[in-house]
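A short write-up of the structure that comes next.
All chains are identified by letter, namely A, B, C and D, in their written order; residue positions are counted from 1 within each chain.
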Amino acid sequence: MKKMTLILEGHLIDSGILSNVLNFIVGENLDYHIDKIDVGKTRVETTRAEITIYAENDKSLELVLSKVSPLGAYEKGGVNAVFEYSSKDAHAPEGFYSSTNHRTEVYADSKWNAVSQQRMDAVVIKTPEGFVCTKIRDIKKGDPILCGSESVRVYPPAAEKKDDGFAFMTNEVSSERSYDITVDTIAHELRQIRADGGRCIVVCGPVVIHTGGAPALSAMIREGFIQGFLGGNAVAVHDLESFYYGTSLGVDMKSGKPTHGGHNHHMRAINRINGFGSIKAAIQAGDLNNGLMYQIEKSGIPYCLAGSIRDDGPLPETVNDMIEAQAQYSQIIKGADMILMLSSMLHSIGTGNMTPSWVKTVCIDINPAVVTKLADRGTGQAIGIVSDVGLFLNALAVRLELDLS
Amino acid sequence: MKKMTLILEGHLIDSGILSNVLNFIVGENLDYHIDKIDVGKTRVETTRAEITIYAENDKSLELVLSKVSPLGAYEKGGVNAVFEYSSKDAHAPEGFYSSTNHRTEVYADSKWNAVSQQRMDAVVIKTPEGFVCTKIRDIKKGDPILCGSESVRVYPPAAEKKDDGFAFMTNEVSSERSYDITVDTIAHELRQIRADGGRCIVVCGPVVIHTGGAPALSAMIREGFIQGFLGGNAVAVHDLESFYYGTSLGVDMKSGKPTHGGHNHHMRAINRINGFGSIKAAIQAGDLNNGLMYQIEKSGIPYCLAGSIRDDGPLPETVNDMIEAQAQYSQIIKGADMILMLSSMLHSIGTGNMTPSWVKTVCIDINPAVVTKLADRGTGQAIGIVSDVGLFLNALAVRLELDLS
Amino acid sequence: MKKMTLILEGHLIDSGILSNVLNFIVGENLDYHIDKIDVGKTRVETTRAEITIYAENDKSLELVLSKVSPLGAYEKGGVNAVFEYSSKDAHAPEGFYSSTNHRTEVYADSKWNAVSQQRMDAVVIKTPEGFVCTKIRDIKKGDPILCGSESVRVYPPAAEKKDDGFAFMTNEVSSERSYDITVDTIAHELRQIRADGGRCIVVCGPVVIHTGGAPALSAMIREGFIQGFLGGNAVAVHDLESFYYGTSLGVDMKSGKPTHGGHNHHMRAINRINGFGSIKAAIQAGDLNNGLMYQIEKSGIPYCLAGSIRDDGPLPETVNDMIEAQAQYSQIIKGADMILMLSSMLHSIGTGNMTPSWVKTVCIDINPAVVTKLADRGTGQAIGIVSDVGLFLNALAVRLELDLS
Amino acid sequence: MKKMTLILEGHLIDSGILSNVLNFIVGENLDYHIDKIDVGKTRVETTRAEITIYAENDKSLELVLSKVSPLGAYEKGGVNAVFEYSSKDAHAPEGFYSSTNHRTEVYADSKWNAVSQQRMDAVVIKTPEGFVCTKIRDIKKGDPILCGSESVRVYPPAAEKKDDGFAFMTNEVSSERSYDITVDTIAHELRQIRADGGRCIVVCGPVVIHTGGAPALSAMIREGFIQGFLGGNAVAVHDLESFYYGTSLGVDMKSGKPTHGGHNHHMRAINRINGFGSIKAAIQAGDLNNGLMYQIEKSGIPYCLAGSIRDDGPLPETVNDMIEAQAQYSQIIKGADMILMLSSMLHSIGTGNMTPSWVKTVCIDINPAVVTKLADRGTGQAIGIVSDVGLFLNALAVRLELDLS
C-alpha cells in the first residue's frame, strides 16, 4: 500500500474545496485519513488540513494529485520539482504538468516560486528568468518542462476571501432574475475600473449590431469604459453594413423591415472597404465616420478581428491566421480587470482559454446553454446573464448616463 | 371520377393562399384544374379563381375541402348547409364541421349567414338567433350541428389587405432583431388603442415579477393602457411575496441576493392573504397597498387567475375549476384589440385557443421555441419577440413615458 | 448580543452541507464560532459540529435557523416544540414552520418524533396520531400548528451516504453527454424496481406522442415497469388522435407528412370518446384497442389526467378541479421509488412539489432550461437529461428488450 | 415615371414565388401591373407571368430587380450584360452583381450563358472559358465583372418540381416530430447515394464525440456512406482523447463518471500526436488504431479540420489559415449530393456559404435556434432536425444495419 500526504490551506469549508477534494479521492475508489484539521472557527479564519491518501500504487496517487492540485492541495514536505527536457519542438515529455488558470507556485531549489504568464492548458518551463506558462505549440526542443503535480501549489480564487458585490452574483445562471441588479453591478464595476485606470475588455458578436446595441457600446468606448475589443469578421462587417446601408443582415435598422434584397449589403460593405484597402483607410478618407468600428479606431483602443471558416470577405483588418489571432487576443487581455462577453460563444471561449481566473468575466447571451458553458469555464469570477444583449447594453448606457444621441 | 369546384377570392397571390390551396390538393395526391383565374393586376385588385378538383371518391373531396376551407375556399354554387342533431350532450355527429378562428359564414336558406362567437375548434350550432360557435362540451342533446365544409366560407386575414406598421413585423421570430422597432411598434399600438377606447389584454407569467417587470406593467395598468389581466396563481403569489417580503422566488428584489431561506416566503404570502380571506380583503384592510395585484384591483380591470396542477396555495382568488377559468378568460378577451402575452406559454396557449384571428397578438419570451409556438397559432396577426421580458417592459415604459418612481 | 448554538451531524464535508450552512450565516452578515468540530477522518465516518451564531436580535437568529434547518442543522439542547392554534380555516399563525421535502423530526415531549406525509411547503400539525405535514389549504380552525424552526431536525439526503450508480449521475445537466450510460442507468433502476415489487411513476407530456415514444412507453407499462401514470388532457388527446386518425397534432405518424387539414383530428378524437362517455367505455365497446391510454387502462395502473387552462375538450377522464387533481396525483405517487418526468414541465413541477426528497427522479426534456429547473427542485436524487424523448424511450426499450412490434 | 417589365416562369403559384415577388415590389412602395399571366392549370403545368413595375426613378427599379432576381425574375427582352473592369485586386465596381446559390445564367452575346462555380455572395467574372462565380477576395485588377441584375436569370429550386420523400420534410423545424420518419428518410438517401456512386459529406462538431455518436459515424464511413469530412480541431482532439484516455471533455465514455482530473486529457492527446508529428504518423506507427479520425484516414476520404480562435493545440492536421481552410472545404464539397450537418453551427454555416442550393442538406442539433438558422440558409433543400445527435446517429446506424461491435 502506497500513501501520500497532502496539505490544504485557505477557506476550505465555505468554498466547498475540502468537499471537492474528498469527493475526488472517493471518486477514484481510494481511502483517505484526515490526519490533522484545524477548522477556521470564524468567518475570517482559514482552515488547514493534512490528508493522507492510500492507494495500491504510485500511479493512483499521482492521478489523484493531478486532480486535487487545481483545488490548492499540495504534497507535504516540499518535493523539489522535476524537469524533463523536451525531445522535440511542440512536444512535452509524457508526464508533463498541465496548468490551470489559477495563480500557481512551483517548489524548486527548496522554495516556492511564482509562475508567470498564467493560463490554462499550458506547460511550465524553467527559464533563467523564472517559471513560465507556455503553450505546447511554443515548446522548443530542449526546454526543461515541469513534470508531475508533486511540487505544484495552486491558489484557486474560491479559497481566498471574496466579499464584494460582484461575488454574490456568480452563483447561478437564470433568465428569471431581475435585470436591475445585474445592470447596476456591472455599471458600478465599469465606473470603478475607469476611475482606477484599469482595463475592461469587450468580446463582441454580431448580435450586438442586429439587436441595436452598437450605439450604447460605441458610447461606452468613447467615454473610456472599454480598453480593448475582441471580435470576429462578422461584427465588423455588420457594423459597416449598418453604417453604409442602414441595414444589419439586410434588415433595416430604423424600420425593422426585412429588406430581403439587402441580403448582399454586407458584401457591398466589404467591397467598399476593400476599395480603400482597409477600415482605417476608409476612415482617413472620410468615407466612414460613425459606428462601432469607427469609434474603436478613433479611440485608439487595441482590437483584433479573428477570422473563421464562416467569414465572408474577410475584411482587410481580419486576422486569418489563428495562431496570430490568438497571439493578438492574448496581448490585448493582458492586465484586464474585467471582460464583457457579449453574445459570441466562439470568441468568448477563445478568450476564456487564455484568461487567468482572477479576471472578472461577465457573459451575456439570450441562450442559457451558452451562458452556462461560458460561466462554468471562468471558475473564479464569472457572472452569467441570460438576456437580450441589445436591451441590456442600452439599460447599461442609461445607468452610465451616456449620451446616445 | 368525382369532382368538386371551389371558389377563392381575395388577395390570393401575395398572401400565398392560392399556393397553399394547390399544395393541399397535391398533398392528397389529387389532380386539379384551374377553370378560371382572374389575377388582380395591381396591388389593390383582388384575385378570383375557380378550381375543379378530381378524386376517386367523395370522401377525398370532402377531406380536401376540410383542409382548404380554412383558407377561404368554398364550394361553387352555394350548397345549403346540412345540420344533424346531436344524439347526446357534449357529442357532435361524426361529420361535424370544426371551426377556425377566422371570420366565417354559413350558406343556409340560400344566402350566406355570419357566424358569431368565433373561436377555433368549435362546432357551429343553428339557433333561433343565428349560427353560433359552441365548444363540444357545451353541446346539448338535440342541438342542430353543422356538418361538412361544403356550405362554409372562411375569411382568413391574409386574404384581406394589411398595410400598417404592425403587419410587417409578423414575419419571423428571431432574437437577432433590433429591439427598438418592436418596442416602438407596440407602444404605438398601445397609445392608439387607449385613444380609441379599445381593449388591450395582458397574459402574464411569474417571470414578469422575477425579472423586475412588475413596476412597468403596473404603471401601464394605472395609466389605462391595459383593460384586462389573465394569469395564474403563480404570478399573483410572487407579486404578493415581492410586496410583503421584498423577494421573488426567495431572491431579494433589491440586492439580487438569493436569500435561500426565502424559499418559503411565497407560502407566507399565501398564508397572509388567507388570513384576510382574499387579496381584495387585504387591500381593503390596508395591508396590501402596492404592487401588480394591488394595481389591478385598484384599477378595477377584470382579471382571472387560472389554477394549475403545480399551484401552491392556491390564493383565494384563483379559479381552480378549469371549465370556469376558461369561461372567465373567454369573457375577458371579448372585444380585445390586442393581447400581450408575457412569458407564460401555458396561459398564452389557453388564451390563443379562444381568440379570433383578427385580434393582434404579441408574444414575448426569452425562449425562441415558446415564441415560435405561440406566434404560429395566432395565424393572422402575431408578433413574436425573443427577449428579456423585464427589460422589454421597462423599455416600453420609457416609450410610454410612464412614471415608475 | 444574542446567540444560538446549532448541531450538525452526518456527511457534512463531502456533501458541501457545512459549507452551505456557513455561507448562509455569512450571507446574513452574522458572525459564527465553531465551538466543536469532529471531522470524519475517513470516507465512512461522519462529521459532527457545534456552531454558535451571534446576532443583534432573536429575529436574525430565527431567520438563520429557518435557512439552515433544511440542511439538517438543529438547535442544541432540545427545545420543545411550540404549537399555536389556527384562528381560521386555511390559515396558519404567522410564525408557522414551512416544511421541506426531506425526512423530518420534531422535538416534543422531550424526544424527537417523526413527521408523516412529508412534502415541501406544508405546515406540521400535531394530531393524536402524531405529527403530520398538511397543506395550508387543509388547515382547520383550531389545528395546533408547529411554529418556528427551533425544535425541528431535518435529514437531507446529501448528509447520508449515497454510493450507487444513480448517485454519480446527479451532478450536472448537459446535452453533451453520452446517452449510453444514462439509458443503462435508468434501465437498471427500472429492472431493479420491478424485481423488488417497487413503484415507478411516469409523468408524461404530449411530446412523447409527437416524437414517436408512445409504443416504447406502452410496452414498458405492459411489461410491468410502470406503476402509475400522471399527465394532462393533451397527452391523452394526442394518443387517441394517433390511434383513430394516425396523426399527432395533425402530423401523420407514419409518413411524417403534415396533413394540415388534420388540425381538427384531435377534436374528432375527443368527440368520439364523448360519444362513448369515457375512454374506458370506448375500450369496453371495442372501439379503442391500442395505444398508450388503452395500455394504461388495460394494465389497471392508477392514472390521473390533470386539466389545464389550455385544454381542448377536455376528455371525460380529465380532472378539471385542480384541488382534486393534486389529491389524485398525491395518492398515485405514494410510495414511489422513482419518477420519470417525460417532457412536461407543468405536470413535472406539480409532481415534484409533492414528492419527498428520497424518491429518485429522472427528468428528460430537449430544453436544457426545463431540465435544469426540474433537476434543481429534486434536490436529493435527480438526474436531468437533455435529449429527444422519443429517441430516448426507444433506446430504453431496446435496453429493456421490449417487443415493440 | 420609369418602368421595367419582368418575366417569371416555372411553378410560381404553388412555390409561393409569385407571392414573394409581388410582396417585394409592394414592400418598396412601388406599383405593378400584371400584363400577362398564364397560370398552369394542372399540377404539372408551369405558370408564366409578365409584370411591369413602375417607379419614380431607375434606381428604385434596379433595387427591386436585385431583390426579385434571386427568385427567378428576369428582365423582358434580353439585355446584354454589362461588365466593368475591376480597378484593383479584391475590389469590384460598385454596381457589381452579387450571386445567389441557385443555378444562374447571364444574357450576353444575345444568348443565355450558364455560370459555373455557383455559390452565394460571389461576383461573376467573364473569362475566356465562360462566366465564373468568384469571391471578392479573388478578384484581380482588370477582371471584367458583371454589373446589375438586368441580364441575369436565376433558377430557384422552388420553381422546379420536387416530388420525392426528401422534399416534404423540408417545411418546418420542430422538436415535436416523430424521429422514425426522419431517420428513415435519411437512411434511404444515404443508401441511394452510395448505390449511385454519389457523394455525401459530413460536417461534424465535437458533440458527436461527447454524446457517443462516433462509433456510428465511423461505421458509416467504413461502409462507404460518407465521401468527405469537414470539421474543426475540437472534434479531432476529443476523438483522440476518447481513444487514448477513454474520456471526452474529461468525462469517462464508459462509466459516464466526470473524471474531473481528466480536464487535461485533451492536452495530453494533442501532445501525444505532436510527438509523432501528425495523426497520420501516429496511425502509421500503430499508436492510433481506432476511432473516428483513424477511420477517416483509413478510408482515405478527403477531410479538413478548420482552425478557430478557441482551439487548443492545435493538432498538426488543423488548417490554421482561414483562406486555405475555406479553399479545402470548397474542394471537398464539390459534387456533393447531400451534406449532413451534425451539431456544429460554425462549420455548418461555413459550409452552407459555399454550397449550391441544389445540394440536399440535413442539419441536426439539439438547439432549435441553430437548426432554424441553418435550415433557413439552405433555401432549396434543407431538413432541420432538433434532436440528440448521439441518439440520432445510433438510430441511423440501426436503420443502415451497421455493425458497431
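One rule holds for everything that comes next: contacts are C-beta pairs under 8 Å (C-beta built on N, C-alpha and C of every residue); 3 or more make two chains touch, one makes a residue touch a chain.
Being a predicted model, the structure only gives us computed values, none of them experimental.
More C-beta pairs in contact connect the chains of A-B than those of the other pair, out of B-D and A-B.
For subunit D, the chain with the farthest CA centroid is C. Centres computed as Cα averages put subunit B at a distance of 38 Å from subunit D. One inter-chain figure worth recording: subunit A and subunit D are separated by 32 Å, centre to centre, where each centre is the mean of the chain's CA atoms. Centre-to-centre spacing of subunit A and subunit B amounts to 45 Å, using the average Cα coordinate of each chain. Contact of a single residue of subunit A with at least two other chains is seen at positions 27, 168, 175, 257, 367, 369. The touch graph of these protein chains is complete, with an edge between every pair of chains. Taken together, the subunit C residues at the contact with subunit D in this complex read 168-169, 171-172, 175-182, 185, 207, 210-212, 248-249, 251, 253-258, 366, 386-388, 390-392, 394-395.
Within the complex, the subunit D residues that touch subunit A are 24, 27, 63-64, 66-68, 70, 87-88, 90-92, 94, 96, 98, 121, 136-137, 232, 257, 259-261, 263-264, 267-268, 270-272, 274-275, 306-314, 320-323, 325-326, 329, 346-347, 349-350, 353, 367, 369.
Interface residues of subunit C, counted against subunit A in their complex, comprise 13-16, 18-19, 22-23, 25-27, 31-35, 37, 39-43, 168, 175, 368-369, 372.
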